[in-house]
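Letters are used for the chains, namely A, B, C and D, taken in the order the chains are written, and counting of residues starts over at 1 for each.
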Amino acid sequence: MKKHPPLRSAVGASAPDRIMVYGHDFVGELLGQATLSSMAFLALTGRKPSANEARVFDAIAITLIEHGMTPMAMATRLTYLGAPESLQGAVAAGLLGMGTRFGGGAEAVAAMLRQALPDAAAAHDTQALAVQVFESHAAGKRPLPGLGHNIHKPIDPRTPKLFEIAREAGFEGPYVALLCAIADVTADKTGKVLPVNATGAIGALCCELKLPAEAPRGIAVFARAIGLVGHLVEEGKNPIGRTMWERVDEEINAAHFSENSAG
Amino acid sequence: MKKHPPLRSAVGASAPDRIMVYGHDFVGELLGQATLSSMAFLALTGRKPSANEARVFDAIAITLIEHGMTPMAMATRLTYLGAPESLQGAVAAGLLGMGTRFGGGAEAVAAMLRQALPDAAAAHDTQALAVQVFESHAAGKRPLPGLGHNIHKPIDPRTPKLFEIAREAGFEGPYVALLCAIADVTADKTGKVLPVNATGAIGALCCELKLPAEAPRGIAVFARAIGLVGHLVEEGKNPIGRTMWERVDEEINAAHFSENSAG
Amino acid sequence: MKKHPPLRSAVGASAPDRIMVYGHDFVGELLGQATLSSMAFLALTGRKPSANEARVFDAIAITLIEHGMTPMAMATRLTYLGAPESLQGAVAAGLLGMGTRFGGGAEAVAAMLRQALPDAAAAHDTQALAVQVFESHAAGKRPLPGLGHNIHKPIDPRTPKLFEIAREAGFEGPYVALLCAIADVTADKTGKVLPVNATGAIGALCCELKLPAEAPRGIAVFARAIGLVGHLVEEGKNPIGRTMWERVDEEINAAHFSENSAG
Amino acid sequence: MKKHPPLRSAVGASAPDRIMVYGHDFVGELLGQATLSSMAFLALTGRKPSANEARVFDAIAITLIEHGMTPMAMATRLTYLGAPESLQGAVAAGLLGMGTRFGGGAEAVAAMLRQALPDAAAAHDTQALAVQVFESHAAGKRPLPGLGHNIHKPIDPRTPKLFEIAREAGFEGPYVALLCAIADVTADKTGKVLPVNATGAIGALCCELKLPAEAPRGIAVFARAIGLVGHLVEEGKNPIGRTMWERVDEEINAAHFSENSAG
């Protein structure tokens, strides 16, 4: 029989009088001192954030909440309509819509920036790197992630604010500069002005904070869980899910029977 | 055809240059100022928390993260093993285990306390209410939620800390008093000492903060999403999901074929 | 340390040259002989169905597919819109809407009938049982499950067909009789004619087939998974999810900004 | 405001006395005649299967059920442990593990075969196509899907049976021939004998039946839903989820406290 390795985890462990979390005594060192976002930072990096890191991290996380009536928010409300006993199921349904089409942007930006500049501390020519990134995407006919927005035109109002917060906290570094340079090169070469959007800014700031590769998507998951819980609290008070459904169902039934009886 | 009501939501709305969230200008009023937990408080209540409310709310939320190797954490890791491309799917799978058996405690405590004391400001006799709650549960042979813990004995170390934080913030009020009185009555009447556990403390503090009925479960959903993301970041570096699976699979296959070939 | 029991399962087991499923050699005894629904019957009961059982079981299962544009179908399509790479995630999201409001009917009918008549073979007075069931629900102000339909009036066209199939197969027995008697008693006592609906018929037929308590919900889960896959195949060819979303999003944004700029 | 297209769906529609499914009267044409798998075939293709198509389709579908103690089955049981009130949530959790690592094989095989041979009726040289497929994968260092199995060695016992069923039904055509030729070429060129596995056979048979690209994954979704329901019925009678969990949790807690107290 195969010899299996022992199971180990540093996330948490419990004894009758103690709970350890990433090596910290939960009651003695964290409870009453750590905030929700500092615990999230700890979960992603294994260490507590400095005040400046926490400020940028909070800005990233609350931007990722996405409060609008997204397809995810609709799926969550429609699921709650059928299963009001399971708030967690409705949130889970919404999270499942966070896929490649709406959920992968910041991750792609961070990967693009890290590939171009693996070591932030190394000497480098930002402008040359930006041209190189632009050209490799153009050659592969791949769109550049993190630029332009279909609603927030000409600029995404969140981007300058995110960069301002990063600047004040000392985190407006080489990845932010590189992404802005890529946007400039794109405008020069194509004539299309596509400024850095919020997703792009978040991807760059995840690099500045040295967060792991899973961070953009991981932060989006719990941030959107917060947003979806908010949608459900409102749905509990002023439900609109049933109307969303009945309108669609009625239109499809009416079309079906009128079209088929017409002939 | 049925006349449908218009669709309205106060959660969020977007215009090209502006994003509104619960009536606030997101960029001008929230970004750079609000923390992740203050946004969560806003999503639950429609208003920003005071500093004292935020402190208690953070304590509740980080306690609900639950870092241990729960069945939810295992389900998340096993799902990631098969679908590493979908971090959100693995977190969603874990959240689905947050049901009546492990997830409903704080909600039940809050409901019990609010039923006994609908108006916290009204004059009341804590001791008499506690006896009444104890007796109605005993009569219905229903267990009292929020008392005792199968691991953290004799006391759950999180409870005194949570109450201390609440006291400092001015939120150790009538619901905390009532729950503690229920624990005392239970000890007197049954001889079993079952102190208030963390779940009970959280249920009482949700009442003290006047959070809506969905709050205990809603906070647990996004808090546990944070914990599950942490498990996946670790699983990415030091995977243990495969070993969890192979041990079980091997044991079941071996038993099956040895038992059936034995005859 | 606690002594844990061994892990055993009769569902399946694998050896290099053999796969066992519920005690049958999968390749030698099932593949090429068993249908999808007979495998489902085996999963629910541990035994293969007779031809008559299979006929009734197929009728139950295909009725539970529910092809319409339910909230579940909408949630599935909206999830696919965001995550087209994960067909399984979109189906999972849809299944989560199968809760107490739309999913529990047949289960409740089966439970009601089995409580009234635990042993189908025992001598009993159908009319007296029906009155007793009616009165216990009336006393508790609980609605009787399985009667009436908000669209299919005056009768649900699936019910007589389901009972006809059962009759031909020899499964129109005491549970069907009892449910029909309950409908008659209800009409007599309340003056409201609420014939047995498809959900009711399915609940009764699950009792006639002696399926386990999990059957109505379990069959609904995999039957609806089939229906949801069908919705996604159509969504891939003629997508409508984006339009569902854009109409709602536009209405909410327009209302928000017009109302708030009006003052 | 944007002009939105009308919403249309051919899946299903309801009127008071009629239910239409893919253009068929559900009660008059399908109920009592269609089986569960013929309805699934209808959902995938828009038409009813012939008897021979149905036989091959059933063989594909029941092979995809996967009865073993997979990570998906474990996630389903662990989710049920926490949320026994939500059978659908536990099945949904299991389906989410059907990702790229365990779920994509048949899809990849079908895509590979269709790319090599877009028109099954066109004249072609099977051997030359097989060499070409082998070489393009070797050049890109991409593994060939559908060959070899880590447990079922030297051959997967399901493959010859699946091909036999297809042969009898008249569906052992050019895609089966091509996949077998690819396996032969691979053995010749690499010296490694990797026969076609069940996943490969299913991918080829989906091509023979002219099923849409979504079919391999779509069939796997509902087939596995059946398997997972079976696991839950067993878990209801002979629960093993708690033992799976307690063993892991105990090992991790013990290691944590012994290691950290050792120093």
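What to note about this one:
Following the convention adopted for this analysis, contacts are C-beta pairs under 8 Å (C-beta built on N, C-alpha and C of every residue); 3 or more make two chains touch, one makes a residue touch a chain.
Remember, it's a predicted structure, so these values are computed and weren't measured experimentally.
Looking at B-D and B-C side by side, the one with more C-beta contacts is B-D. Both chain C and chain D derive from one sequence, and where they touch, over half of the residue numbers involved are common to the two copies. Farthest from chain B, judged by the mean position of CA atoms in each chain, is D. Each chain gets a centre from the mean of its Cα atoms; for chain B and chain D, those two points are 37 Å apart. Taking the mean of the C-alpha atoms as each chain's centre, chain C and chain D sit 23 Å apart. Separation between the centroids of chain B and chain C, computed from CA atoms only, is 31 Å. Those residues of chain D in touch with two or more other chains are numbered 7-9, 13-15, 68-69, 83, 85-86, 88-89, 92-93, 96, 98-99, 103, 244, 248, 252-253. Contact residues of chain B toward chain A in the complex are 1-2, 4-5, 7-19, 21-22, 26-27, 30-32, 34-37, 39-40, 42-44, 55, 58-59, 61-63, 65-69, 73, 86-89, 91-93, 95-96, 98-99, 103, 151-153, 157-158, 161-162, 164-165, 212, 214, 217-223, 225-227, 229-234, 236, 238, 240, 243-244, 246-247, 250, 254. For chain A in complex with chain D, the residues that touch the partner chain are 6-9, 13-15, 20, 83, 85-86, 88-89, 92, 96, 248, 251-253, 255-257, 260. The part of chain A that touches chain C in the complex is made up of residues 68-72, 74-75, 78-79, 81-86, 89-90, 92-94, 96-103, 241, 244-245, 248-249, 252-253.
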